[in-house]
Structure formats: structure tokens, C-alpha cells
Amino acid sequence: MSTGLLYALAGVLLFVLGAAGAVLLAHLMRKVLAFNVMGSGAFLVLVGLAQREDVIDPVPQAMVLTGIVVAVAATALALGLARAFHARTGRTGLTEEARRD
Amino acid sequence: MTVNEVLPLAVIASSLLPGLIIFALPERRIGLRSALNLLGAVSKLVFVGLLLAGVAAGEEYGFRHTVLPGVELVFKADALALLFVTLSTVLWLFTTVYAIGYLEGSPHRSRFFGFFSLCVTATVGLAMAGNLFTFFVFYELLTLSTFPLVVHRGTPQAMRGGMVYLAYTLAGGALLLTGIVWLHGLMGQVDFVHGGSVAALGPQATAQLKVVFLLLIAGVGVKAAIVPLHGWLPQAMVAPAPVSALLHAVAVVKAGAFGIVRIVYEVYGVEYAQSLGLLLPLAIAAAITIVWGSVRALFQDDLKKRLAYSTVSQVSYIALGVALFGPVGTIGGLAHLVHQGIMKITLFFAAGNYAETLGVHKVSELDGAGRRMPLTSAAFSIAAFGMIGVAPTAGYVSKWYLGEGALAAGMDWVVAVLWTSSLLNAAYFLPILYRLWFRPRPAAWPHEHIPARGWRETGWLLLAPPLITAAAVLITGLFAETSWSPLAWAKLIAAREYLQ
Amino acid sequence: MNGLLRSAVVIVGLSLAAAMVIALLQLPSAAVHLPALVAENLAQSGVEHPVTAVLLNFRGWDTLLEVAVLLLALLTLLTLGGGKAPAPAAAVDPLLQGLARRMLPLIVLTAGYLLWAGAHRPGGAFQAGAVLAAGAVFLQLAGLLPAWTAPRRWLRLGLVLGFLVFLAVAAALLGQGALLRYPPALAGGLILLIEAGLTLSLGLILAGLFLFLTGRDA
Amino acid sequence: MTEAWPDPAAWLILLPLAWATLAFLAGPGRGGRLAIPALAAQCALALWLAVSLAESGARLHPVGGWGAPLGIDLLADGLSAVMLLLTQAVALALAVYAQAYFADAHHRHEATWFWPLTGFLIAAMNALFLSADLFNLYVTLELLGLAAVGLVAVGGGTAQIAAALRYLLVSLIASGAYLMGVALIYGTYGTAAIASLAPLIDPTPPLATWLAAGLMVVGLMAKTALFPFHFWLPPAHGGAPAPVSALLSALVVKASFYLVLRLALGPFAPLAEMAAWLAGGLGAAAILWGSWQALRTRHIKRLVAWSTVAQLGYLFLIFPLLAADGLAMQAGVMQAVAHGLAKAALFAAAGVLMRATGRDTLDGLAGVAGRVPLTLFAFGLAGVTIMGLPPSAGFLAKWLLIDAALASGQWGWVVVIIAGGLLAAGYIFRVLRRAFLVAPEDSRFHPVPRRLEWTAFALAVASVLLGLRGAELVALLG
């Protein structure tokens, strides 16, 4: 149970939590946050597994760097769309009952 | 690309190219459109003439084009193909002339004649198909090119008729496709070969081959309007007269019957089909259709509906001829393929003239039309006698051979079927003739329209075609035994099919 | 329907998590050892720091596409923009403005250092760009920098310059034979050139993601 | 491996990236003049690539010269060459269409942003078809997803923003799942390069590989809008402007299908049999559900979008047949190409019909055959391909599919394929039927640029002509 593997296990839990949140939460802001949690989980697994035998591997770290930038771009786009959607409809969620909160 | 390869393609191109050009023609270019149509029809006639001469002399015409590995588009202009090609080419010429006259002043003519040419291209392609794949390609192309013709008028009932037509033909196409691919899976590419090629599959495949036969015949039977699958034919009567003429005498229905001939003779082989016991059920189905179609025709007051049910019954003569195991029955069936075409197209031309000139659509309104439109009615009468099978006409010849074939095959009940159907034909045609010639004319016709040019009856464009085809009915009947009649050609084919 | 979806997602989530945990606990050791390969080829990569070497040289292709992703995200935000008038400047707090003016040179200096340090320790274009963007956001919040509306020619050029430089280098190298194959001698110099261009453009793009957003219907 | 002339494959990616950026730089209105010649050049490159592959089979281009496990490889084989050809050809036709479609005054906004986004979209697809590294594929998938979402939202209406948002969220969750799959694979085998992974994955891999394969394939199925994940496609493809819907339906959803096929043939080949029947089942469900919805909707573009959902079902039918000795893979790719051409023609024709009648409902179509005959002909021809009737490429695909299904004795798929064809005839003739009706007097028609009609017609004719000569395509696929 090296520290790398511990991070990977934490990553798995974060991933599943984030994915469930992204599907279930109605509020767009929460969906985007959940999506970021999910992404972080995947990155943790990527780096954690690579270092589970305590050998520092630069390749997954570079991949994570790329992944983070892609996640930033996607989040910015999601926020932009959510703002535009809110500006036009005043609603914060896509589904009908999202009207309440 | 030798001459023998180019000629079949030329036959197809002679209606495809004018068709595509006509699509692009603006509506007002009437002269050019008619010229293109006639040019296409005449050039096709010339090419077919060359083919006829060549095949009679034993020449081989064919063209192969690989579409997929192991799947080829094959054209083969053999004797059987040319029987159907000649029929459709000749009658297409007359129908084109008739359509030019009939559609004068109506909208969307470029679209009409474009699809008209596509339809004949599909018919000719289907006739000259060298394997089941090519047959299926043109079989479906025929459906697609005839749908816009059926719905040409654009009225809601035309649309309903079109939808019924599509439902039947596409479902039939699906069955046919399954059968063809199944057979393709069993034995690779299925080329049409005299005496059939399926027998080589050996005994273990017989069960599958029976199911495949059912699928193929059902798929082709929809267009041949065999009883349970014939529902679309009367519905398709909403189409304008030239389309009904084309659909019922030349293209669609004949394609179905021709398909049955190809499948029984050149895929299964008539001996192998007989050994599998497939011919008897086919004969029974054909017999039922013959009688049932004639009975339904009795009760139709609408003239074109009556002719439609008559077609349902008449086409099954061909299927019956095919199912009678023996050369004489085959000759009868193949000859009828041509004879029925000539007779039925005359009837439809006449029906179209009655509708155009007198506004008459119902049989009950035909009283005294004989005197008002003598030539058209004369043509109608000759064709009617032909359908009944009265002595000097073509119909008599094919029914005679069918009767002989039935006796030779020892299926006496078929002779009874032929007699009953002849009686029924008389039952639904003679009253019409009586009304035409012996009943006094009504005070006023529904809406009479006296054409400016030509005889009092109708324009010469609408009058010449029925007269010529009516003459043809008599000539083919009288000169049946000569060497250049359709009957002689049918004998040539039968000889080649049964040689092996 | 919603209750059904909720419980379905929870069940699937839990079982997936359990399966993954079990899978990770019984994972065999990896067959391929990339760290050794990276160390071996580090010399020809033109930089000393392994992560930068992977980022800019071994997997430079990923980085090029990744910059395209960022630029694309900005483009899409611009398509959403109605280009309406920017929000009125917030009440200006003199203390914040004073701090911002003094912090700006420091921010630019740090960004320059990060860019240069990337060659032999953690750093590089992305980190430098992020710092520059943070500086721009800080200035906008302090009211010294108006929110951006539709970018005019110069801003557009700034936004795409880094990516065009990277693309030009890639195309030039492809002309010579292989995509992004830096000749060992020039590798370091080319990487620094690309990183410098990227720092400027990424700074503008990341700042743009924020400033274009605030520019409309606040 | 580098020949005298540099590899056309890499140029196919750099060129669109360049003209997309320059289109943005050049500002509004000048994008089309830049894109069309560039796309023509890309078509030539793709054709040249395909021809050069015909002899040499496959063409490897190690980026940076490092080679498989360390660096990223660009692999151009028959499959990617076919997809590249389809993408460039359809993109060129739609670019010509879009330039005329957005030419009028009130489409200025779309005209400005359509070109840069499309450039990135095409670049992403070309990169995806050529990449042979799982993580690099994640980046190309993201680039493709964001460009597609941007294009959906380019229309600017509220419905389009909502559709883009729903599409983005599904796409992000799918990418997240795919990324986790890549992470697990990297963790288990230490590399993300397909070439190095293929020998390492044996038929009984550790649980982590099963999970990774599952996550990646489910993520890609969501991006391809396969049956349970299809809900985002109709509003997104139905609501977007015609050229955008055509690009999305004809090309974008094909990219993630291509990836599933690439994984099922490559690294995950040993595991493919297990889940193959599931993919086939979902495909069959997609065919039935998509066709049923297409038969009920009243809007033209929504009907064509549901048709996409149905036709995608056909693509997934090949997975249970891959093991059989028939040409199942070739059938799937032929269907993808046929659908790509025909669906682009359908959406282009739908765009013309809506602009001519001024309405997007089916009832508004009465009598349109007289006004825009060429478009109706294009819609009809494309419909023939969608229905899988001869003489079209769709028919060849259907023929190969049925042949493969019969060869492996799996009867169920034959029934589904035939039923799908008849259902397709059902919803295609819903449109054609109304077009042949006589036009009501009050209907008025707006003039439509001729170029729109000719582009739709060219695409439809291409899908039919391919039906006459499929041998080269099948040969290229090996």
C-alpha cells in the first residue's frame, strides 16, 4: 500500500463522486464543479498508479498538465454557456424542476 | 469493350440519358422534350433489333462490372431477356407517343417523362440482368422510379394509392433481398444459367432452398400481383392513363412475372424445382389468382379498376405457364407475357381516350360510346376478344398452348381453370362491348371535350397507339406460326431451357 | 422518474467504485517502464527537466493540440458574446489600486522567471501564462483594466501568436522530414522560442476567458 | 520511415489548424475564401494518402522521431484513410454550401464564427483518425467535442444554447470516463501507445483492463449518441443551422464510432466478444427507437436528426459480427461512409426546404417539388441511401451486413436490418410524399441560392455513385 496507490484510491472515489454529482445535480454551477472533481480524480489515479512502486514517472505528470489545461478550457466553456443560458432564460438548470432552486 | 459488351449498355443508356436530360429541361421546352423521348425510343428499338438478330444467330452479349469482391453487376442479353426487352421497347414507344398527347397542357411534364424514361431503363435493366444481384438492383430501381408516376397528379387519393404501392413493393423487396443474400451466402454469386445452378448444392441444403424459394417468389410475387400480394394494383389506378398502361402492360407487373420465370428456370432449374415439389404450389397460387382476379373484376364499375383486376388474373397465366412442368406450358406462358402486354395496353389506351374525350370513367356510363368513338371502341373490342381468347387473336394462341401444356403435364384441373377464367373474362368484357355498340347513347356525356385537331374522336396522338396495338393483337394471333412472331421466339427459349 | 435515475446512478457508482478499488489493489507491476526511456533521451530533448522534456518534446504533439483546445474554448466564448457594452466599473478602492500598481511589475518578473526556469525545474509556458492572466484579472478587479468586448485585430493577433509560432515550427520541421523532430542542436532554442510565444498567448487567452465573460450582462 | 516527400498525413492536421487560426485572425467575412481552397487541398492530400496506402498497407509517422512508447505515433492505415477521405470530401461540400448559406445579411454572426470553429473541428477529426496513442486521442476527442459544442451554439438562440449545454455536459462526462480508462490502462501497462499495448493485453487481462475498456467504450458510445445516450443529439443537431447539423451528423458522431472500432480491432480485440452482443443490442434498439421517433416528429430537421440516431444503430450492429468470416468491418465502414454522404445531403436539402418554405414543419412542404425540384431529387437520392435501397452505397453496406449475419448464423440481426430499412422508408417518404402534393394557393416560396441546391445534389449523387463501385473501398480496408 504505497502512498502512490493511496492517492490512486482517493482518486477513484473522487472520480465516482464527481461523475455521480455531474449526472444528478441540477444546478449548472454544481454540475461544472462536479465535473472538475471527476477530472481531478482521474488525474490522481493517473499519477498515483504510475508512482505506486515509488518510481517518479514524468510522463503521466505531463499528461496531467495537459489534462488540467483541457479541463480549464472545458470549464470556461461550460461557464460561458451557463451564463448565456441564465442571461436568456433566468434558469440555473436545464431540466424543468430546476426552475425552483 | 467489344461490341458485344457495348450493345446491352447502349440499350440501357438509350433511355437513361434522354431521361436525365429531360429532368433538367425547363417545363416549356415541349418540342425538345418530345424529340428526346422519341429519339430515345427509336434508338432503343434499333439497338434491340441488332440484339435480336445477333441472338437469333447464336451471338453472346454480356457485360460484367465488379461492385464488391464476389458481387458483380452482370448484364446478359439472352433469348429470354430479349423477349421482355422487345416487348417493353416497342410498347414504350407507343406509350410515349400516347403520353405526349394525353398530358398536353398539364404541369410537371419534365418530371413525368424523366421518371418515365427511368422506369423503362429499370425494366430493360431488370430484363437483361445476368444474376440475382443485378436483378434486385433494377427491381428496386423500378419501384423508386414508378412511385413518382403513380403520385404524379399530387391529389391526396393519388398519394394514398402511392403509399399502398410503396408499402407492398418495398416489403416485397425486403423479402427478395433476404432470399438473395441467403442464397448468396450458400453458393456465392448466383448467375442465371440455363437449367439453373442451385441443384449443385446437394441434398443437405434442400430445406433451406425451399424457404429461399418461398422468399424469392413472395418478393417477386408482389409485383406479379399474385393473390394475397396484389392489393396495390387496383389502388395504383389513380395514376394517369399512360402510367397505368406502362405499369400494367409493360413494366411493373411484367417485371414480377419475368422474375418468376428467371427464378424457376435459371436459378433453380425447372427439373430441380419439380423434384423439390415447388411447382405445384406455384401453379395452385396462380390458378387461385386467375379465378379470383376475374371474379373481382366482375363487380368493378370503374373501368380502370376492372381492367386492373383483369391484369391480376391475366399475369398469373404466365406464372401458371411456368409452373406447368413441360416445354409446351412454358411456351404458352412466355408467349402470354408478350400477348397480354399488347392486349392490355390497348385496353388502357382506349380507357384513357374515353376518359379524355367523354369524361367517362365508369362502365355504366359507356352506353353508345361505340358510335361516338368508333375507332377507339373497335380497338377496345379486338383487345377484349383477345383477353377472352377468341380464335384469331393473340390471346387465343397463348391460352391454346397453356391448355396443351396442362394436358402434357397431366394437370387436367388446369384446363378447367383456363376454361372458367375464359368464361369469366367473357362475363366481364362482353357487357362492356354490348354497352359500347348496342345501347343508345346518353343525352349528354359527363363532360365532352372535342379536340381542336384530328378526328372528332380525339387527337391522332391518342388514337394511333391503340389502333396499332390492336392491329398487333390480330397480327400476332394470325401469324403466330411464322418464324418472327413472339410465339416462335418463345419456342426458341423453351428449346434452350429444356435442352439440358 | 427522477428517483429511479438517482438510485440507479448511486448503485452503479458504488459498484464501479468497489470494482475499481479491488482492481487497483490487485494490480500487477507495469510491463513498460517509461521513466528509464525518458532519462535515456533527456540529453537530446534540449531541456534538463524531464516533465518539460516530455511536455515540449517527447509528447509535444499533445501540447500543440492542447493549446488549440484552449484557443478553441476562447473562440466559442466569443461566439456567445453579444458584444454588449461592458459593465460599469465597480466602486474603485484606492488601497487596492495602489497595491495593484506595485504588484504588476513583480507579477511580470515572476512570469519571466517561471518561463526561464521551465528548462531545468518545474515551470514553463503554462505556469507563466497563468501568472500573467492572474495579473490581468487582478488589474480588472482593481478597476484599472476595462473588461474586453469583441477583440480587435491586435488583440486577436496576440491571442493566436503563440499557437501560430508553434504551428510554424511544426510545419517547418515537417518540411524537413518529421513532425516536431527538433534537431538536437536547436532543440533548446526552439523550445524556448515556442514557450515564449505560448506564454504571451496563453496569458492573453486565460485572461480573455475571464475578461470576456465579465464583459457582458454581469 | 520518412520518404523524400513528407508524409501527407501530418499536413492533413496542420493545414486546417492553420486556416482556422487565420480565419479567426482575418476577422468576419473572409473565412470562406480561406477555407474552401484549403479544404480542396486537403481532399487532394487525403486522396493521395489513400492511393499511396493501396500499395504499402500502412504508414507510420513517429512524431518528433521518438517512436511508440515514449513519443506519439501517427498511423495511417486503410481505415483511417477512408475516414479521412470521407471527412475532407463532406467538409469541402459543406463549406461550399455554408458560404452561400451564411451569405445573406442576418447570418453575419454565424458567418464570422463558423469558419474558425469548423477548421478546428476538421483538424480535430483528422488528428483523431491518425493518432495511435490513447491519451492523444483523449485530447483530440476534447478538441472535437468543444468545437462541435461551439458550432451548435453558433446559432445563438436560447434553444441552441440549451442544446449546446446539454451536449457539452454529456461530452464532458463521457471524456471523463474515457480519461479514467486511459489512466487505468497506463497504470496497468505503463504506456498509452496502442502499438505497445496490443501485445501486452491477453484474453484474460487483470480486472483493471476490463474496467478501463468498459469506461472508454461507454464514454465513446455516449459521444456517438448510441441508444440510451442519444437524448442530446436531436435538439443539438435538429436546432443548429443546416451546414452545422450536416457536419455534426455526418462526421462528428462518426469519429467516436471510429474510435470504438479502432479499440475493438486493436488493443481490446481479445475482450471484444464479451460485450459485442451488448453493442449489437443497443444498436438494434437505436434503430427501432430512432426510426419510431422520426416517424412521429413534425419538424423536418428533427426528423433527419432522429434518422441519425437510427442509422448509428446500424454501425454498432457490426460488433457481434466481427468474429464471423463475412466482411462485417467493411460493412460498418461502408455504412459510415454512405450515411456520412447521405446525411450531409439530407440536412443540406432540409436547409434549402426550410429556407424555401420559410417553415420547418412537414406540413409546410406541400408542393415544394415544383419550386425546388433539384433539392427534392437530392433528398430522394439521399433517402435511397438511408433506406439502403440499390443502387446506393447504403445498399452495399446493408448487403454486406446481411451477408455477414447469415454467415455467422445470427438471424436476429437480419430481421433488425430489414426492419430498419423499411422504417427508414417510412420516415423518408413522409417528406417526399408531402413534396409531391399540389401546392396550396396561399403558400409562398422564397428564392434559394442555386449553389445550395447543387451542393446537396452533389453529395446525394456521390452516395449513390459509390453504390456502383465499392470494390476499391473494401480493398483499401483490407
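Going in written order, the chains are labelled A, B, C and D, and every chain counts its residues from 1.
FYI, a residue touches a chain if its C-beta (ideal position, glycine included) is under 8 Å from a C-beta of that chain, and two chains touch if they have at least 3 such contacts.
None of the values given here were measured: they were computed from a predicted structure.
Across the two interfaces under comparison, A-D and C-D, the one joined by more C-beta contacts turns out to be C-D. Innermost chain of the displayed assembly, by C-alpha centre distance to the whole-protein C-alpha centre, is D.
Of all chains, the one whose mean C-alpha position sits at the greatest distance from that of chain B is C.
Chain centres here are Cα means. That of chain B falls 72 Å from that of chain C. Centre-to-centre spacing of chain A and chain B amounts to 68 Å, using the average Cα coordinate of each chain. In terms of their C-alpha centroids, the spacing between chain C and chain D amounts to 30 Å. Contact of a single residue of chain A with at least two other chains is seen at positions 8, 15, 19, 23, 45, 49-50, 52, 63, 66, 70, 73-74, 77, 81, 84.
Residue positions of chain C with contacts to 2 or more other chains are 16, 20, 24, 27, 30, 33-34, 38, 58-59, 62, 66, 69, 72-73, 76, 80. Chains touching one another, given as pairs, are A-C, A-D, B-D, C-D. Every residue of chain D that touches chain B in the complex is listed here, in rising order: 327, 367, 369-370, 373, 377, 380, 384, 387, 389-391, 395-396, 398-400, 402-403, 406-407, 414, 418, 421-422, 425, 429, 433, 436-438, 467-471, 474-475. Residues 23, 65-69, 71, 73, 107-108, 111, 133, 136-138, 140-141, 143-144, 148, 151-156, 159, 162-163, 166, 170-171, 173-174, 177-178, 181-182, 184-185 of chain B are the ones touching chain D in the complex.
Interface residues of chain A, counted against chain D in their complex, comprise 8, 11, 15, 18-19, 22-23, 28, 31, 35, 38-39, 41-43, 45-46, 48-50, 52, 60, 63, 66-67, 70, 73-74, 77-78, 81-82, 84-85, 88-89, 94. On chain C, the positions that touch chain A within their shared complex are 2, 5-6, 9-10, 13-14, 16-17, 20-21, 24-25, 27, 29-30, 33-35, 38, 50-51, 53-55, 58-59, 62-63, 66-67, 69-70, 72-74, 76-77, 80, 126, 206, 209, 213, 216-217. For chain D in complex with chain A, the touching residues are 135, 138-139, 142, 146, 149-150, 153, 158, 161-162, 164-166, 168-169, 172-173, 175-177, 179-180, 182-184, 186-188, 190, 192.
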